[in-house]
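Both complexes shown next keep chain A, but they swap its partner, so chain B is in the first and chain C is in the second.
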Partner chain A sequence: MRFYEYESKALFRQRGLPLGKGSLARSPEEAKRAAEEIGGPVVLKSQVLSGGRMKAGAVKFADTPDECPALYEAIEPILVNDQKCRAVLVEEKTPVAQEYFVSVTWDGRRKLPVLLFSDMGGIDIEEVAEKHPEHVSKTHFSTILPLTPRIAKEAIADVGVTGSDLNRLTPIVFELMKLFLDYDLTLAEINPLARLEDGRFIVLDGHLDLEAEARRRHKTLLAELGIGEDETRQAREPTEFEIAGRKVNEADHRGVAGNVVQFDGNLGLVIGAGGGSLTLFDAVRNHGGKPANYCEIGGNPSVKKACELTKLILSKPGVEKIAVMMNVVSNTRVDIVARGVIKGCIESGKDPAEVITIFRIPGAWEEEGFKILEKYGVEYCDRSVSMYEAAGKAVAKMGAA
Partner chain B sequence: MSILISKDTRFLIQGITGREAVNLTRENLDYGSTIVAGVTPGRAGRDVYGVPVYDSVRDVVKAHDTVEGAIVSVPPGFVKDACFEAIENGVKLLVVVTENVPRKDVAQAVELAKLRGARIIGPNCLGIISPDEAKMGGVGGPAANTRQAYRKGNVGIMSRSGGMTTEIASTLTAAGLGQSTCVSIGGDAIVGTTYAELMPLFEADPDTEAIAIYSEPGGRMEAELAEWVRENDSRLPVVAFMAGRFMDEMKGMRFGHAGTIVEGKEDTTAEKIARMEAAGISVAERIEEIPALIKARMQASRASTQ
Partner chain C sequence: MPGLFINVTVADDVAKDVEIAKKLEEVCPVSIFKAGDAGVEILEENLDECVLCDLCLEAAPEGKVQVVKLYAS
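And now, the complex of A and B:
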């Protein structure tokens, strides 16, 4: 989950990283006041969970505080890659001599954290790596051996930095590496890290991503930063439908029936499990079907959970019918899902035989499941019908409707 | 033969008294696996389906001599230490089934495993099966269901999805193609053992004649496999199925497994398919195409070696 720039900087400040003067503005007046306090030229930056702010016009410069309210009003409504502006960060405009790039992330191939450092910051690092590989260093480091500054020093020296710059950069880069491991981050990036004309270094922009799985470990930090428990910080804001899906999943600890993602089609999908859902979603689209949602069931959810998920999907505007499909299941019981889905249809006031286009969940307890489906006249199939074919049957029924 | 496990592989289950682990124990015993002991701190002296429970892996090793494998089925926050405990007590093969383990913990366990010459499969996986020999993990579910889907034979399976491991095996079995060993490698961004790291084992296994893999968006594992196949001039034909093609247009969104987020161009299915095909890996559009592709490739490679 991504942090806003101002949140990242609050954490940087806690850890003693050098930052310029600045404060957060939530209104045009606050923007003006912030500029007055700073004194001198300022930069106004949209606080948004996306890169590409400059290009989108969401970063502007002001020479005097009086210019700030109008600039705030210009920035605030701009969507950057569909992301809304939460506030505007007003910071002193500093005379920069050189920009550096530093980032720590995970390398899934080496299974280690990797430190990237470049003395050509401020621009797209992938481009730098391609055109000027000698200006980018890549250094893996251990997660179990003690972390010491020499790794940072070597990474910086690798691109040819020496003298007092090397000594001033080392503790900054080292701190970022520590921060990365201490807070279970998946990305810790400072870009640009600026050397000012007077030789000091300051962090101009930063980007931190906390791993969702580690949220529980960092409750104190999240509370300090004011990040609510229901903030997912995904690539887009969750919809009401998606929030409701999460509630269905969390209401009962048995199995998974959730992870719903909203689409705008007419065929509701009750699908699973992790890989099966991806496979089935592709299959429905390949047959020309229009999914109303993505979702995942697995890990043997209770009847109630499968029922509630079905009701939620059937209640979504535009959903005409549903398809219930999974890969061959091992630990999820076919009969329990069948029972839950049928119950969900009935409680939604629908005839299961009408509204369920196809039920394709083969595997554990399938005979019992198929008996129940037969009783309600629901069309089902076993593993002899492939996932792709089952999706085709579902889509065909939508065409006939 | 097979890779990683056979019916003689002796393993223990960490967290054996947990709900999921109790099921695992029964399913694995029923399938013919050799479970030496279980571990749950504070529960020494009990048993789960006749498997004795100990407080620590050290106690298991004292009572039963060296144990080759361990299934780790403990809550996410305890996984790292459970792995450390198994590794430091001489266990060489760990199957971590737990989901939602933070990446740093996985990386730490994997790093220690590497130092000690141990191997981790998972986390967030259903484990390993060498059909008609043994299984280690939840793969295939109850023994009867497992026997229905898996048959002994010559195709190795590697999959980032546990469920799709069984779907592919079941499809192969129906087409008369049995399996040597199937490995659910886990769906997280960092897993203990990748496709490319399993390839040398399959390559060295005389019973494996072809490989089927399930892959999805996110990460560089398919690129790594493609490189391995090219650089090592693998004798094994590889057929891949790629799920989640719709995600290419949905950068930054998370669907399915934790490891699927598309962050850069290299993470997309289009890019992965191109890389694999360039390395001579056949990419199936649908699961049901896999058996025919494998048969054709196996025939071609037999013809070329004769």
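And now, the complex of A and C:
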């Protein structure tokens, strides 16, 4: 869940990170007042949940407060990557000597947080990493062992920063690392982190992403930032199909059959189990298949729940067939899911043998499940067929359809 | 609507027994049985939720409750 810049900065301020003077404006008059309070040249920045503001013209500079109302009115209607402007942040324009980049995120392969630091901030970090790799350091750190400023210091020193700059940067970077862990963030980024002409450092722009599953743990923080419980912060509004998926999940407390996401393909997916959904979705695409949806089932959903999810997916325009695939399951019964999806097909007026391309759910009660599948003529496979191979079989059947 | 996968039958002499009806309602984890003044009622909409736990078989005299897997026939 992405935070707006002004929210990220509110959190930075709480943690003592250095920020310039600034305030949020929700009208042209407020923008002028904010500039008057700051005194001197200011920058007006649209608050949107997207990058690319500068390119879209949603960041503008003013030398006097009188210029601000017109600039506010120019910025406010601009959509940046289809994202609406929520407010305009008015901040002092500071004389920058050098810009740095610092970011903490997860390295999925290493299963560790990773700190990225560069002394070439303000520009695209991927480009810096490609063209000037000596200017980017990458440092993994533990979530179990004590976090120490030394890790931050070494990461900064790795790109050649020394002396007082190194000493001043270290506590800022270290605080960002702590913030990342304390608030279950998936991204904590400051770009640019600026060294001013007088040698001080300040955060010019920041971006925080909270793990959506951690919202409950950080209710207090979200309340402090004024983020409502119903504010999803998704990249787009949920579709009717996705809302219907949420209702299917909420209608029955047993297990999970939800997190439905709409795609444009023709192969409906009933997928899940311990990361299996993501793996299977990718596998279908790697085989050239076109998923009609993403979803997650697991935790032993009831027959009714699996049935309703299947009916929903089959009702989506363009869906020709479905694939029912999971990782090996111990906490979900194969026979119960088999009953649910077959019932869903029948109640949708479709022949399960025709519409289910493959059923690959190995695990608890699989023998009972396989008897059900045999009765209805549904092609199934056990754990000797990998998830990737099962996805391939499903896609091949779509090609033959 | 009858079950697509599971059918449950209760012998007539036991079906009217209010005490057994209460026991059946209590033990079934998916609410297939409902106890009433006239004995036990089968809630057909829940038949397919049967998890084959056999608790109903143990709650009634032997052979008086039967759980039939319709897909096994």
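Note that in this section the second predicted complex is superposed on the first by the 238 of 401 C-alpha atoms of A that agree within 3 Å, B and C clash if a C-alpha of one lies under 4 Å from a C-alpha of the other, contacts with A are read in each partner's own complex, and residues count from 1 in each chain.
The rule we apply is simple: a residue touches a chain if its C-beta (ideal position, glycine included) is under 8 Å from a C-beta of that chain, and two chains touch if they have at least 3 such contacts.
No experiment lies behind these values; they were computed from the predicted model shown.
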| Which holds for A:K343: it touches chain B only (first), chain C only (second), both, or neither? | second
| task | Would you sort A:N167 into first (chain B), second (chain C), both or neither based on which partner it touches? | result | neither
| said: Is A:V261 touching anything from chain B or chain C once the two structures are fitted on A? First, second, both or neither. | reply: first
| said: I'd like to know which partner A:T64 touches here: chain B for first, chain C for second, both or neither. | reply: neither
| query | More residues of chain A are touched by which chain, chain B or chain C? | reply | B
| message | Which partner chains sit in contact with A:L278 here, chain B, chain C, both or neither? Use first/second/both/neither. | response | first
| Just chain B (first), just chain C (second), both, or neither: which does A:N327 touch? | first
| Where does A:K371 make contact in the superposed view: on chain B (first), on chain C (second), on both, or on neither? | second
| Footprint of chain A on chain B - complex, ascending | 23, 76-77, 100-104, 106-108, 110-112, 126, 138-142, 145-146, 149, 159-164, 166-167, 170-171, 174, 187, 189-192, 194, 214, 216-217, 219-221, 224, 241, 243-247, 250-260, 264, 286-288
| request: Sort out for me which residues of chain A touch chain C in the complex. | output: 302-304, 333, 336, 339, 342-343, 346, 368, 371-372, 375-376
| remark: chain C residues touching chain A in their complex are 4-5, 30, 48-49, 51-52, 69, 71-72
| remark: Listed in rising order, chain A residues that touch chain B in their complex are 106, 108-109, 111-113, 126, 142-144, 181, 184, 186, 211-214, 216-217, 234-236, 259, 261, 272-279, 281-283, 285, 294, 296, 298, 326-331, 362-364, 383-384, 386-389
